[in-house]
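Structures given as structure tokens follow.
Two complexes come next, and they have one chain in common, chain A, joined by chain B in the first and chain C in the second.
Let's turn to the complex of A and B:
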């Protein structure tokens, strides 16, 4: 029996739960003996010219090794484009928390004392806090660029008269608010320059991408940089590659020809690490009273924060996925990505796709409300039919496989939709203070968007018959070691416990892409599968020579890991024997797997929320989902991804928001103020099964890392609005905090 | 996240703690469970020069039946209050509210005396001791004195304790009216209250509705004048000037106070 699809418990956990992981700041290795500790001096103002830096007093403090500023950075390392980001601020700061100077101390604790002694003179400039301010362009962040717009795009149908034939058109501007990734392990980096080579230990999702960036920015040859990712305590997209602060630490080691280490504080993390989302969306939806939607326009203003890292790219993904699971011929989308004097925005779980789903699902609900039809019925009437795949959307995506109607039907049946509506009606009739709301979302998302880049794997059979996998995919909580070992066992019959998985070291794995966009299993896993297949083919040749039999007569007994002449156990060879027969070249395969196109996981979520109409507090009481990501290699890992994803989606709908005051000061820079969700705030999720394999990789798998977030956010938001719809509420922007809900109820009452 | 330098001293007895405080002067702070003070120090919002650690004075951690009243040592941890059988039967309001403080980690470190002496209007237990009309016992260089709960909270993070004076005990008489309620309204399970209400009989106190924890005087007067609980509750925000922050406007807090006092009075009556 194949091990694939079975509930194998994570092999990573015994170590993590007993002795604990070894994260960058835990590293106690000789290479980092005597490393100095880095502390950033960060801008306390959102927008200002730097008119002077006096670090003399700090330099005199005992324990201070150096205070570094932009003046110490070589001209060649300075940004070459108008909106490009420097390492340390040059002449101007553009967000609170922007690195201005770096203090190096020879102990852990003096850094903050020294930082207090560095006197930076700021001449205030007008802050640009909102995207509306950015578009007004009264103040430019980068005068040389002549604009605050960092990128624009359009897709799909542009003709405005496609709304002309609609019986009903609804338009609304909504907010997909800025949120913080909050990985449990904050950013941390250690770097050492030695013997003409820079070694960087980074908390990253992509060691190879980090190496390439470091080499490019510091003007070093790639071979002169080694990046190692030890255990990484969560990334959620915010640890893709290497960011500016970590890069500055690597530069400091190079500049001082020494060893430097840095771990940020939680408050630095909340204002200095990238944020996610940050879109203002105008949705316009039109159709007929029979429920058929024929036109949809999504217009996005993407907040990039102070420097356009991947903000414009995120909005292009939103644009690509604008029509969601619906067959809307007249779908168009456009975006403007703008800079503001706030923390930069980049990828965060879903990265552009949750924003698309939230918009179209909100639009569907508004349209349903306008024509007085059950929102589920409106969805049913517009889903892309199962026989239409592969399906090309108006904005240019080609969905591989799907069965959206089935996912919706499964969720409705699993949740007992009709009973929930009856309970809602009963409570409304009784005039209960606590009302119930039901939110349904249907979603499709794009995973492995860069399928053509693929992923690498090298698989080597060691002399004792065990296997070592060198994977380009980088694990930071997903369970790669478990899943990859399962793939090897399934293909070669080498038991999981004899498979070692190595990742995140550019010397061991020079070429790779790494982890983001739910690409790991379908590219990295498929690469492991491909390498194992090649090893099996090679092993068959070797075994045939050793046994002196024809290859065609040989079989691999995958239950026991023996090669033998079919049906003749007396000829059995172990993997160790076959490996020994491979000679000097060894028995291994080194591959890159690429897929012809991305995959499009899909599903449906139903959230049940109770809202206390006197206080406005909403509580998620049930969450039922179908998340179809094709074939499931390990249900335990897949469910873990769904649980975490749902939690983060529900959190954005109900609780989480990064806020700045009118001057651009962060108001959510501690975990007391930033309402990161916790377990007691959530119910146990009800996960239903559905498997629609893809044909674009041999495993039939799609990505599942972000699906939960994408489906949950609109379902929960919709449920809150639905709970108070009978009071006249038609929309509540996220997060639906008690105060927002209370205000919406009040407004609706006042309007009646 | 790293505090400014300070001198750490650990006291072995209450007398020793008082002596250390007298030596150290105005810039000394007592450190009990540390769950209010240390976060402020890490943010460098509090910069004491001397910390006098009284956390190991187990002589000051107890819940005792003294006949006329229950005596609670100031260094009793929230978890021990929440699980005290004596409190559960005699002062269930305090036991229940102590179980609502922070999260399990906070409740296993934080102490009732530390919470009260910190004087945070957003904390849970100050309002509870107001509703219980408790008496606080303080020891200082000049000896021991009793302070009525109603006189204890004097401003934002300001109490009636003189410099160097140490809160040692909280005394709670058996409530005249058995009905009680504690309403803590939060965004998340582990947050500070956006608004909270403690009610013991017809004595009502509010969390996070001004610069100090406070009695809902207008509500108590309305009840005394014979108004029904729901009418009395409509006066919950009278005379309050609640803070504005990212969680609530002042108007929303005042609305919540009215709703929560109504619920607290109803529950207290149902239990009475």
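Let's turn to the complex of A and C:
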């Protein structure tokens, strides 16, 4: 029986549960003996010109090895494009937390003490805190660029006539607020220059991308840089590649020809590591009173923060996924990506797709409210039908496979939709203070958007018949080691405990892409599968020679891992024997798997929320989901991804928000202020199964890492609004904090 | 100043600065790095250890304050023959960890929770773990693991 699809607990766990992982700051290796500690001096103001840096006092402090500023950085390493990001700030700071200088200290003094002695003079400039301010362009972050707009785009239909034939048109501007990724392990980096080579230990999702960036930015040859990702304590997109701060630490090791290590504080993390989301969206939806939607326009203003890292890219993904699961011929989308004097924005779990789903789902609810139809019924009438796949959207996405109506039906049945509506009606009739709200979302998302880049895998059979997998995909909690070993066992009959999985070291795995965009299993896993089948083909040839039989007569007994003449166990050869027969080259395969196109997981979520109408407090009491990601290799891991994703989506809907004051000062720069979701904030989620395989990879799998977040956020938001809809509330921006909910209720009451 | 703390049964003595936190003592003087630091406001619980049997956030305790005390960290939880503690076993069986960063603190908090309340409800587990953040699991599997460990603890071995 195949091990695939069975509930296998993780092989990673015993170590993590008994001695703990080894994260960058835990590394106790001889290469880092005597490494100096790096401490950043960061901008305390959102926008200012730097008029002077006096580091003399700091330099005189015993234990201070160096104080580095932009003046120490070679001209060639300076950014050349108008909005490009320097390592240490040059002449100007553009967000609170921006790195201005770096203090290196030995063990005899604390970096914070030394950092306090560095005096930086700032001449304040006007802050640009909101996207509205950015668009006004009274103050430019990059005067040389002549604009605060970092990118624009359009997709799909642009003609305004689309709305002409609609019986009903609803328009509204909503906010998909800025949130913080909060991986529990903050950013940490260690770097060592020795013998003409730079080795960097980084908390990253993509060691190879990090290496390429380091080499490019420092002007080094790729072969002169090695990046190692030890255990990584969560990434969620925020640890893609290597960011500016970590890069600066790598540069410091190179510049001083020494070893440097750095681990930030949580406050640095909350203002210095990228944030996610940050879109102002204007939705315009039009259709007929029978529930049919015929036109939709999503106009996005994406906040990029101070430097346009991947802000425009995120908005382009939102644009691509604008129409979601619905067949809307008249769909169009456009975006403007702008810079503001705030922390830069980049990928965070979902990266552009939750924003698309939140917008279209909110639009569907508003439209349903306007025509007085059950929001579920409106959805049903507009879903892309199961027989329409592959389906091309107006904005240019080609959905591979799906059955959206069945996902919705499953979730409604599982949750008992009719009963929930009845309970809601009873409470309303009684005039209960605590109201119940039901929110439904349907979603489709794009995973492995860069399917053509693929992923690498090398599989080698060792002399003792065990296997080693070198995977280009990079794990930070997902359980690759378990899943990859299952794939090898399934293909080769080598038991998974005899399969070692290695990742995250550019010397061992020079070419790879790594982990983001829910690409791991469908590209990295498929690469392992491909490598295993190549090894199997080679092994068959070798075994045939050894047994002196024809290849066609051989079989691999996958239950025992024997090669033999079909039905004749007396001829059985072990993997060790076959590997020994492989000679000099060994028995291995080195592959890159690419897919012809991305995959589009989908699902439906139903959230039940209780809202106390006197306090505005919203509590998620149930959350039921279908998340169809094609074939499931290990339900344990898939469920773990779903639960974690749902929690983050619900957290954005209910609690989490990065806030700045009018001057651009962060108001949520500690975990005491940032409302990261906790266990009592959430119920246990109810997960329902659904499997619609894809045909674009041999495993039939799609991505699952971000699905939960994408489905949950709109469902929970919708449930909160639904709970107080009878009071006249039509919209509440996220997060649905007591203040937001209470204000919405009061506003609606006043308007009556 | 000289501080001696018995960590996982072994006394560790070190000359440390007054402001050294217990978590720094464990990681630096003790070389025990399972205990992690995830914040600077006592909010995340990654540094949770048992101090004389009770859970504390080791980032809020000065090493000097607990001179002479006994501390248990994740590394000291399994029995000497390597048998995992029932909470560790339950975390494994229920997939209650992903990246593992919160795990050392979460496991110690769970051990302490069950010592105080051997038969908790789901809501009591959730409330009891409020001070321990996990960004990976969504808590569902952690809660299940704690309930499973509680059940295992009640059953005769």
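What to note about this one:
Definition applied: the second predicted complex is superposed on the first by the 750 of 752 C-alpha atoms of A that agree within 3 Å, B and C clash if a C-alpha of one lies under 4 Å from a C-alpha of the other, contacts with A are read in each partner's own complex, and residues count from 1 in each chain.
Just so we're on the same page, a contact is a pair of C-beta atoms (placed from the backbone, for glycine too) under 8 Å apart; a residue touches a chain by one contact, two chains touch by 3 or more.
Here the structure is a predicted model, which means the values were calculated and not measured.
By the touch criterion defined above, A:643 lies against chain C but remains apart from chain B after alignment on the C-alpha atoms of chain A. In the superposition on chain A, no contact is made by A:173 with either chain B or chain C. Applying the stated contact rule after C-alpha superposition, one finds that A:265 touches each of chain B and chain C.
Of the two partner chains, both chain B and chain C are touched by A:672. Counting residues of chain A touched by each partner, chain B versus chain C, the larger count belongs to C.
Shared-chain residue A:232: touches chain C; no touch with chain B.
Once chain A of one complex is fitted onto chain A of the other, the partner contacts of A:182 are limited to chain C, with no touch recorded for chain B. Legend: residue contacts after superposition of the two complexes on their common chain; A:6 is shown touching neither chain B nor chain C. Of the two partner chains, chain C is the only one that A:20 touches; chain B does not reach it. Contact with neither chain B nor chain C is seen for A:194 once the two complexes are overlaid on the shared chain.
In the superposition on chain A, the residues of chain A touched by chain B in one structure and by chain C in the other are 265-267, 670, 672, 678, 680. Looking at the complex, you find that chain C touches chain A at residues 27, 31, 33-41, 43-44, 46, 74-75, 77-78, 82, 84, 88, 91-93, 95, 97-104, 107, 122-123, 125-127, 129-144. On the side of chain A, the complex with chain B involves touching residues 108-109, 111-113, 265-268, 614-615, 617, 655, 659, 667-668, 670, 672-673, 675, 677-678, 680-681, 737-739, 742-743.
Listing the residues of chain A that touch chain C in their complex gives 9-10, 12-14, 16-23, 25-26, 28, 182-186, 231-234, 236, 265-267, 476-479, 636-637, 639-640, 643-648, 670-672, 676, 678-680, 682, 684-685, 708. Residues 1-2, 4-5, 39, 43-44, 185, 187-192, 194, 246-249, 252, 255-256, 259-260 of chain B are the ones touching chain A in the complex.
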